[in-house]
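Heads up, the next two complexes both have subunit A, just with different partners, subunit B and then subunit C.
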Partner chain A sequence: MTATRIGLLVAAVVMVTVPLWVPGDYYISVCSQILIYAIFALSVDVLLGYAGLVSLGHAGLFGLASYTVAVCLGAGFGHVAAIAAAIGLTLAGTAVFAALSLRTTGIGFIMITLALGQIAWGLAYRWVSVTNGDNGLSVAHRPAPFGFQLDAPSHFYYATVVVFVLAVLATWIFVHSPFGASLKGTRDQPRRMNALGYHVWLIRFYACLFSGFLVAVAGILFVYYTEFVSPPTVSLTSSAEPVLMVISGGSGTLFGPIVGAILIEIVKNVASAYITRWNMMLGAIFVAIIMFMPEGLVPGTMQLVRQLLKARTKTVATVEPTSSGPVP
Partner chain B sequence: MTALSIQKLEKSFGGLRVTRGLDLVVAPGERRLIIGPNGAGKTTLFNLVTGELRPDAGSVTLFDQELTRLPSRRRAHLGLSRTYQIITLFPKDTLLRNVTLSLLGLSHLRWNPLLRLDRQHALIAQAEAALSRVGLGHLAHRPLAETSYGERRRVEIAMALAQNPRVLLLDEPFAGLSVDERRDVKTLLFAIPRDVTIVMIEHDMDIALDFAERITVMHFGEVVVEGTRVEVVADPRTKEIYLGE
Partner chain C sequence: MSIWGVLAINSITFGGLLFLLSAGFSLIFGLMRIPNLTHGSLFMLGGYVGASMVLAYDLPFWLAALIAAAAMAAFGGLIERFLLRRLAGALQAQVLVTLGIAFIVADFCLMIWSGDPISVRTPSALAGGTRVDGLFFPTYRIAIIVIAVIVAAVLWALLDRTRLGAMIRAGVDDPQMARVVGIRVSRLFTMVFCLGAALAGFGGLMGAPILTVYPGLDFDMLPLALVVVILGGVGSLLGSLVGSIVIGFIYNFGLVMVPELAYFVLFLPMVVVLVVRPQGLFGKQAP
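Our next item is the complex of A and B:
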């Protein structure tokens, strides 16, 4: 069994047994939140890590999904209709975001997504007749898929695990597909890809749609998790958070955004209970990551392990001939 | 029918005219060499032909098909392939992945988000064959970053040939190579079948003149001399451009 398979097995066992060993409902809910943000960070990583496009407007799409569910449920629609509408509207919103932002790359892309995210925040804040402004919207009850009530934190956690695993699997298939290879090519050499026959713009556009789908899933889970949505969900800070998760965990990897989400959510929700200046601590962690593992925690750790193994192999190779050689 | 026909091509960057009413006709199967001093507009000409730059005026046709308004990616699908003066590859990937990406560019598979690329055995076999053709089959799984400059040049050629081009544009394929590497690349280029028309920019006259049947001398964005090797070498304008006489 390879190290990756062992790691996956351990992760699966840990995830499934969380409600058994995590003390209390609060911490189970924190675990649900980690998984939701991990999906959010994965959606950002599809663009940042695999397409080389940094979006600072993803919270706008995340909020669009959350608000759509809340508005639809408030209007008397069922959960299936609300979820379908949230996915549909978020994909349409992503298409608009992408059509406007993909006119450029680099700093230009960042600035356009930032502006679009701020427009979404402005709408959430000011379109009071729909969003209820500052007061936000509440969701009366969570769904009960196949009769499985999600009201208990552990039940909701398990539902989140299922969605999370599906999201990770979908992303894994996506990035290992021919389309994923094309996307990575457009990140590394867009000019070359064009000359090789690829439609660079369209590849990036489809990648945005896939990212939009993932962010819609995260936004839907989020509104059911908090049973409430308000303008801070759509703010710039909410857009920056998953970007930081991706950068700290390691962009262009599947596990990097997940590790980043675990790190940031634990500091935000657990360490903050014990440390008043937890923001400062988070900043110090980021600085340390950038200084010692600039490519992120996951690739950095893997590189460290490789170096240690290499050093160990070298030591063994140096020692062996001496021990087996002739005695003078 | 001509393989590549360029007529009255014009391109300016601000006040600088880099291509001045340039005409060029290349016959099918021909080996054409383009020479000229630095700044003559040779690479710009390639960029105009491949669509990476849009001409201000004039036309480009490939086997009588108008290309002038087509985007770069469409030209690749019509059989136009190129290599770059400054090596432009995918440094994080293996040699095999580089060539696979080249093949994928012309395949409908490139849009597929559901299949696993490493299980596309037919495509990968083609990529391995393309690498073997340039003598790099044994390095297929090596990351590009761990290869020599000469090997990267050959990867560029493998990527271009993998697309089965009708017209191949080679931009200084011998630049920066050692004597041994030049010999290898020369052998490789001589082995390309005649159904591929080759237009090459090169400064190494010994190799290039051996290879080319017709030569075009460019200067300040214009064609100054054109003809066979003997005609071009004998033309006083060639000496004037190169030696300043």
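Our next item is the complex of A and C:
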């Protein structure tokens, strides 16, 4: 456990000191972007990793939150009202999403979320009177919570860190609660859970709502980060990215999606500086990871480390067979 | 009055194109349980390949359509043999691999054919219009309807009247039992995948004179195929046909009556079907 604590401490120190040692505002912004996508990936992981439900329509909900903020601000509402409306509307949208897609699980769920996500994209693209179509909507200024101006990249970064830590804590509590255990139960043994008297559908529905809440938070941060939202935010590529982050980092862990978000965002930002073929790379990484490391990078690496350690203790044990404790 | 007539013809035409796309999608899904997310990409790539054959090499339209179909069949066969086959049983992984390939294809097309829409002229024999019952209809659209009906009839005969069709139906209903009685289900997988890919590629060029071929066509068409299959029922040919025509009507009438929300109204039949009959109108089991 101490190793975990040291790891967390190092991560916290790195996260807090980023604006001090990172060269330039651009890279601080990239760090904010990583954290926003990590929240997005966590929301996908709640469903993918803990409920076994792959959503390919989450960008629809992400975009719903972003667009709601932009539309509300454009209509002259304040930041608090815009954010409250975004969370409320996204939760309502998630409820509709879940009510439809939870009629099935597995492949059916993927298909229905994909179709729903594309419908959200269609709305963003074609409902010009509200979304301004292809031109998108811009947000005039960032909010100033408790008088703390967020216009500078480092200030916005710190605000993102606070929200990110809260989101990770909330997710940790959520998945480690008895409810989280029952959610994992519905993933592994839905029939037995049903026989034990758990309401499988309702458990999944609540998990969807929690995921919807996280994605709303990510969407709100995103629209304040870019100060702009347009249809590509809602596209299928945008839904696939967090899924790739979760799968590449390792689904069903809290650490995996965060690592995945760091990796994919770095690759994306570095790649876009040199080549314009980001989608092709995204697709190729997708195919490669699923073909060669299907369990994800974090569990894959941990398994490798554990095997190495085991091999080591084994050699020690053969040298001195009686020194170790009772055989488990 | 005549506006509604033209709109109806357009709807049926679009339904015919959707049928070419979704029949293969539905068969692949029914037999292999894979929602092939490259299906829209095969449609678009078929359109691009065919359009290049017509524009750059000056080949006749129908020959180009056959080449596009053959090329997509080969490409689909490769995907099935070398990627999906290796992930047998891991359905989630198969879905995500097809999505990855779809991204690669989309970017590849953007790289080769640039971002400008490519339009293909209708074949000269079918240019102009035909007078039916006092109304004037574009001949090419009628030709698409005829072709869709022929494809539907051939597919029906193949599935319902031949030994191969019986084997495919057995594979759809109960793959394990089909294996037990000596049907090589894995070979059926490849054949059905190639057939579905060929139909999608063929449809891509057939649609080119009407829809043009443009980047994003793939993910415009894919959700339509999904909605058709959810509506009609997985693995059902009749379901694909009826679903395609219903969606063709809703989409085209939606475009005229509520242009901003046309994409949204497609959602309504899906909601109704999911609530009332989750397995689809003609489906046997839920997707």
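The rule we apply is simple: the second predicted complex is superposed on the first by the 294 of 328 C-alpha atoms of A that agree within 3 Å, B and C clash if a C-alpha of one lies under 4 Å from a C-alpha of the other, contacts with A are read in each partner's own complex, and residues count from 1 in each chain.
In the analysis below, a residue touches a chain if its C-beta (ideal position, glycine included) is under 8 Å from a C-beta of that chain, and two chains touch if they have at least 3 such contacts.
This one's a predicted model, so the numbers in the text were calculated from it and none came from an experiment.
Enquirer: Touching A:Thr2, do we find subunit B (first), subunit C (second), both, or neither?
Expert: In the superposed model, A:Thr2 contacts neither subunit B nor subunit C.
Enquirer: With the two complexes superposed on chain A, say which partner A:Ser177 touches: subunit B (first), subunit C (second), both, or neither.
Expert: A:Ser177 contacts subunit B only, not subunit C.
Enquirer: On the A-aligned overlay, A:Ile107 touches which partner chain: subunit B = first, subunit C = second, or both, or neither?
Expert: second
Enquirer: Identify the partner contact of A:Gly283: answer first if only subunit B is touched, second if only subunit C is, both if each is, neither if none is.
Expert: second
Enquirer: Looking at A:Gly197 after the superposition, I want to know if it touches subunit B, subunit C, both of them or none. Which is it: first, second, both, neither?
Expert: first
Enquirer: Please tell me which partner, subunit B or subunit C, touches more residues of subunit A.
Expert: Subunit A has more residues touched by C than by the other partner.
Enquirer: Looking at the overlay, does A:Leu236 come into contact with subunit B only (first), subunit C only (second), both, or neither?
Expert: After superposition on chain A, A:Leu236 lies in contact with subunit C alone.
Enquirer: Going by the contact rule set out above, which residues of subunit A touch subunit C in the complex?
Expert: It is residues 54, 56, 100, 103-104, 106-108, 110-112, 114-116, 118-119, 122-123, 125-129, 235-237, 240, 243, 247, 277-280, 282-287, 290-291, 294 of subunit A that touch subunit C.
Enquirer: Where on subunit B is subunit A touching in the complex?
Expert: Those residues of subunit B that touch subunit A are 50, 52, 71-74, 76-77, 82, 84, 88-92, 97, 100-102, 104-107, 109-118, 120, 159, 163.
Enquirer: Along subunit C, where are the residues that touch subunit A in the complex?
Expert: 33-35, 37, 83, 86-87, 90-93, 95-97, 99-108, 110-111, 219, 222-223, 226-227, 229-230, 259-264, 266-267, 270-271, 274-275, 278, 286-287
Enquirer: Can you tell me which positions in subunit A touch subunit B when the two form their complex?
Expert: 173-174, 176-182, 185, 188-189, 191-200, 206, 210
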